[in-house]
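So, here come the structures, one by one.
There are two complexes below, and they share subunit A, which is joined by subunit B in the first and by subunit C in the second.
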Partner chain A sequence: MKEEQPLGGRLFTPTFLFCLLFFIIALFLLAKRFMYGLGAVTNMSDGYPWGLWIAFDVVVGTAFGCGGYAMALLIYVFNKGEYHPLIRPALMTSLFGYSLAGLAVFIDVGRYWQMYNIFLPWYINPNSVLLEVALCIGAYVVVLWIEFTPAFLQKMGADSAKKSLEKIMFIFIALGILLPTMHQSSLGTMMVVAGSKLSPLWWTPWLPLLFLISCIFMGFAIVIFEASATSTRYKIADESHMLSKLSGIFPWMIGIYLLVRFADVAVRGHLGLAFKGDLMGNMFLLENLLLLVPMCILFMPASRNNARVLFFSAISIILAGTLYRFNCYLIGFNPGGGWTYFPAAGEILITVGIVSLEIMAFLWFVKRLPIYHRA
Partner chain B sequence: MKNQNYCSLNEKLSEISRRDFMKFCGIVAASMGLPLSAGPQMAEAATKAKRRPPVIWLHGQECTGCTEILLRPTHPSLEHLILDLISLDYHETLNAGAGHQAEAALKQSMKENAGKYILVVEGSAPLKDGGKYCMIGGRPFVDIVKETAAKAAAVVAIGSCASWGGWQSSSPNPTGATGIPEVLKGTTVVSIPGCPPNAYNFLSTVLYFLTFGKLPALDEKARPKFAYGRLIHENCERRAHFDAGRFAKQFGDEGHRQGYCLYELGCKGPITHANCPSILYYAGAGTWPVGTGHPCFGCTEEAVGFKIPLHTQAEVSQVTPAAAHAPIETAQGKGMSAGAAGVLGGVAGVAIGAGAMIAKNLGQSDEGE
Partner chain C sequence: MEIKRRDFLKTVAGGAALALAQPAMALAREKARLPDAVGILYDATLCIGCKACMVGCRKANNLPVEMTGSQNLWDNPMDLSAKTFNIIKKYKNGTGQFKDREINGFSFIKRHCMHCVDAACVSACPATAMTKDAKTGIVSYNKDACIGCRYCQVACPFNIPKFEWDNPFPKITKCQLCDHLLAKGQLPGCCNACPTGASLFGPVAALLEDAKRRQKMQPGKYYDFSVASTTSGRTQYQPAARYVPRIYGESEVGGTQVLMLAGVPFSNLGLPDLPSTSYVAMAENIQHTLYKGMILPVVAFGGLAFLVKRSGKKKEMDLPAESGPDIKPD
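Up next, the complex of A and B:
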């Protein structure tokens, strides 16, 4: 099989400059945040100590970053080596997703200068879910960079170093499967702790399982989305047959997920809340509809071969997973005490800036580093 | 009040301990909503005067319940305070002497303390047939009131009978029973209605007058506002049940036993002005009609007590049940701003646009194949 190659081409495209503009705006707002504190740019409060940054940048962001995890599961655990060409781009999105989630946590934590204490073993509280997530994500970021190192070494021409690294890579691949399994389910566990503050439409002791399944199908959806998007812009090897085959997983995974989801809500006797017509009920319906529709569509092999249908199905699945996480962390969450929350403009613009950084990094990586197989 | 100061007063106060005395003054000040410092001030005013303030107490058509409430409170030394703080020169129930001797004491006190004494009237004055239905020492009561009031520093009508006629004035009112304010038109008669009235409302008013040399703020019926400014309904301990629609339907039913609102049993709380639910009657928790499970019958309110039948439902005019309950939590945090909505809209627009462009290109590559 041919090796991955940089795609080359001009770096400062209009898209890149557009993203740069938003990144600069975010830098300005970040300066404000670090000078005057969280209250200066965010709407976070004693009632909502987490907001858009945690819900989107971390909880959704790391789920977007599960492409690498999902593909590794498929390729290394289920031994489907045929999908190997998809692993490096998937790893790259994971790298961005997780690194920027770490950055977002640093921005979000009020006393960021104390953050290093998380990593000091003598301060560890072994009963804390949040600690498990923090350590796990921190470790996974390091693992991702190590997993991605061959691309840098290849670029630098350090073949011997690359070879010796690849000899021990199986350790990191194993870790790269273990760690997301742990912390993606723990992201669900965190809201188990919220108890009655979370609407019964979302609160369930099964939250960890639902978070785990949903992060995997979101990971696959991201791989399809990203491959579809890049294939239209860059001359890369045709991956459409792989994507079609990959998408055959969706109906089964989503089917299992929806079965657990609805059975759980129904058994707990709260299904009626879904049809109350209020915000929470509608969000619940929308979230599951966004999964049900692509599930039905992708059940038919013909639609799996249509690039456009596949692309929209992937978007629908990504949106569903995103909405599920927003519902669990913000929309379905009511801390009591009359608190309300909607992200401030500054808060949103910082998130937009971080996403812009991600896109810029993506453009730089694919053009200068060996990620894709060229056509 | 310092202890040594109190020692010099001890003589006057006989068996009352300093603590009980200060407690009493404190309660009086608090029930009027005066600052804490008013308590000692009142104590000084009551004890430092060269002569204890003279009080002439007249009885007309009444049951002596108002005197009883002042004499028989459970508070151990209140009766001492009443009798030792003031110089009760004439009081038909408590006079040591009787007959001409008592009347002579009245005459003498009026002469000696002209313009200085406090006149308290208990009971209504019958005006029909020349006032012959209540004669004292051969004179109609109404004449005695008029004569005594002319030289008084202040006139207080204690109880509902004196305030507006009370139960004797109920239809058909055969004696023409009339309240003292009506008898002494043109004179300010402080009314302390109630059957019986709360002793603290009376004592607070008198001590306020002694301390500050003026009467407390009065309403249009000359009732002290501190005691009669609010409806019983407003401060009732069972108000939450009223608002929640939980009512006792009959005596002894489940709701009654649960302590629900007594409105449907005829409680006049919604139309009666008094501070009963706030200061109760001496003993503390529950010692007032509603607290014992009986509806308020409106004893302090003219045209309610003794006029409207006991179990007739009152018309709730001022305060109606809440259509919606006040939130127990106040809104906090920041909602969506125009800027945030705009930014979010922009992001959504760019995302949809980008998605559409990719989809279009995907379509072309499909067609190209």
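Up next, the complex of A and C:
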């Protein structure tokens, strides 16, 4: 019986130290943010109250973290047990994506010292879409850590604890499928209320459905991207046949997504906006082109078996999902009144610092914890 | 307890499709105007742009003056901000010589919280920091509840809630219709200061009636216009202007408690063209359809737990290794 093993090796590699540098820069900027307020390091304004941190760190970051969700959906709901070796690395990415999204929210929120109000029954507002998102994401972070605990227990050699945890794990796996279904769709519903401030190219009552489908294909794409990237750098078991088979899902999922996407914009009569040649129109076209191209390519079985083609298709799908979310939260958002937004250097560097933290944690985890199947 | 996976999936897919089809049908959640609601009628044709209301607002709310530009001589905010809850702006076209005319004319416009009937900020706030008074309908803010997420700002179709960006311990600020003065039997600062009755305080029902009366006036003919409040007894006798045939706030996003009249189309005055159904009603419809009584999530959880448990059992029986099929090394 083959188990996951730590990859071992030196921890303080140049990559790690490079990330550490950016993380330290971010710490200084964070000190500034907490001492002088959000205006001191960000370009957010009363017109654009949400900037890079919400759009990227939270809305895109949690979609990057949907690998675990997408794989669990496939393995347990669609009963494809053969993909099981991919689940632990996918869960790890989810763990980082979601934990750091939580951290980003804490940095972004103005009155962070009373953030616990959203857990107090006398303060919560059950009508709020954001409350549902916040509680669901919070619960999912906890679930992810529990789902990941066997890896720690395995490292510590606590076999009996691992066994008893695994007995009740089905509850957390089920929650781990339910919660992202809820909050990823709600991340779409969140922008329904923006109404006239969001361009009709993105505003639709179907936002929740589009966010849900897009987070699932992004999740699969992340799994493929990560497995391909790590297998070239580290000696891990060859998973390429599994990845090829997995990628057969894409043409169908993306096909359904694009059908809903275009039918919706066309039915509401706003397809003309896409060809106006302005920033929003071009972004709409780019976002969907980045899906259309890999969809057509991956329709052919031969390209699914080509590791390089598969890798770049996955990147294209990830970029498409990222752009879609950016468009919904920032680029397609226009509050009127002459407001504009582009992230400030401080804002970008803090995001870079958070991503660096994620990479450092990734390196530590794969080298010291049993994540991958070694070759 | 033999549930077939295929049947379960069919049911879930069908339920999800049905639930998601609901928002597309846009079931309106109608929120009616509160019978005792109070508000403001702003009549741009009566406004002389003296900005006494802005001074009145600062005094009533203890707000500092906001100086912009290089001279720092007087209070001249460029827009609503965390320090300015009420502002007079001006529209000018061409030669700008005729009051309340779209072409070659000008008009003033007053901006502050509209106190929506179905307020987006109230629905959006996760911590109930934005509340709508059950009697007066005034939308007010509670800093002790607020977590500073700024979703109210994203949600507000009028961009009214403002955030203290330069404060390490920031708050959201906005017009609260001077509810602290109303409690003492006084008038809101802006309406009390307005010399012409352009800002008129009163019960929304009376204001709406007065607005409809003004819409029917003959331009140029003299009429009585109430000053300060509908019940102040003070009036001003003056000729009626030519109004555009629209009471802004009568139906926008489900209606607002601040109503506006003008001689220039409202889109020229920087007010958004909004549908009569509030976007927040659509968002709540989606949420309440999917999460009503948490029935759908609980059923889904039960189904998922069943599937996961079964899949675990099957794996133990079928597969020799926990980690799936043997993988050939690199």
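Everything below uses one rule, namely that the second predicted complex is superposed on the first by the 374 of 375 C-alpha atoms of A that agree within 3 Å, B and C clash if a C-alpha of one lies under 4 Å from a C-alpha of the other, contacts with A are read in each partner's own complex, and residues count from 1 in each chain.
FYI, contacts are C-beta pairs under 8 Å (C-beta built on N, C-alpha and C of every residue); 3 or more make two chains touch, one makes a residue touch a chain.
Here the structure is a predicted model, which is why all the values come from computation and not from measurement.
Visitor: For the overlay on subunit A, clash or fit between subunit B and subunit C?
Guide: clash
Visitor: May I ask you to decide whether A:Ser45 touches subunit B, subunit C, both, or neither, giving the answer as first, second, both or neither?
Guide: After superposition on chain A, A:Ser45 lies in contact with both partners, subunit B and subunit C.
Visitor: Which of the two partners, first being subunit B and second being subunit C, lies in contact with A:Leu130: first, second, both, or neither?
Guide: second
Visitor: In the superposed arrangement, which partner chain does A:Gln154 touch: subunit B (first), subunit C (second), both, or neither?
Guide: Touch status of A:Gln154: no partner.
Visitor: Taking the superposition as given, does A:Gln5 touch the first partner, subunit B, the second, subunit C, both, or neither?
Guide: neither
Visitor: Which holds for A:Met115: it touches subunit B only (first), subunit C only (second), both, or neither?
Guide: In the superposition, A:Met115 touches subunit C alone.
Visitor: So, does A:Ala229 touch the first partner subunit B, the second partner subunit C, both, or neither?
Guide: So A:Ala229 only meets subunit B here.
Visitor: Answer with first, second, both or neither: which of subunit B and subunit C does A:Gly336 touch in the superposed model?
Guide: Both partners.
Visitor: I'd like to know which partner A:Val192 touches here: subunit B for first, subunit C for second, both or neither.
Guide: A:Val192 contacts subunit C only, not subunit B.
Visitor: Among the partners subunit B and subunit C, which is in contact with a greater number of residues of subunit A?
Guide: C
Visitor: Output check: A:Arg308 vs subunit B and subunit C. Expected answer is one of first, second, both, neither. What do you get?
Guide: first
Visitor: Going by the contact definition given at the top, which residues of subunit A touch subunit B in one complex and subunit C in the other?
Guide: 45-47, 231, 336-337
Visitor: If we count contacts the way the header does, which residues on subunit B are in touch with subunit A in the complex?
Guide: Contacts found on subunit B: 327, 329-337, 339-340, 342-344, 347, 355, 358-359, 361-363, 365-366.
Visitor: Write out the stretch or stretches of subunit C touching subunit A in their complex.
Guide: 5, 9, 20, 23-24, 26, 79-82, 120, 123-128, 143-151, 153-155, 157, 159, 161-171, 253, 270, 272-274, 278-280, 282-284, 286-287, 290-291, 297, 300-301, 304-305, 307-309, 311-312, 314-315, 318-330
Visitor: Which stretch or stretches of subunit A touch subunit B in the complex?
Guide: For subunit A paired with subunit B, touching residues are 43, 45-48, 228-229, 231-233, 306-308, 311-312, 315, 336-345, 347-349, 352.
Visitor: Can you name the residues of subunit A that touch subunit C in the complex?
Guide: Residues 1-4, 34-40, 44-47, 49-50, 75-77, 79, 81-85, 108-112, 114-115, 117-118, 123-125, 127-132, 134, 169-171, 173-175, 177-178, 181-182, 185-186, 189-197, 205-206, 208-209, 231, 235-239, 335-337, 373, 375 of subunit A touch subunit C in their complex.
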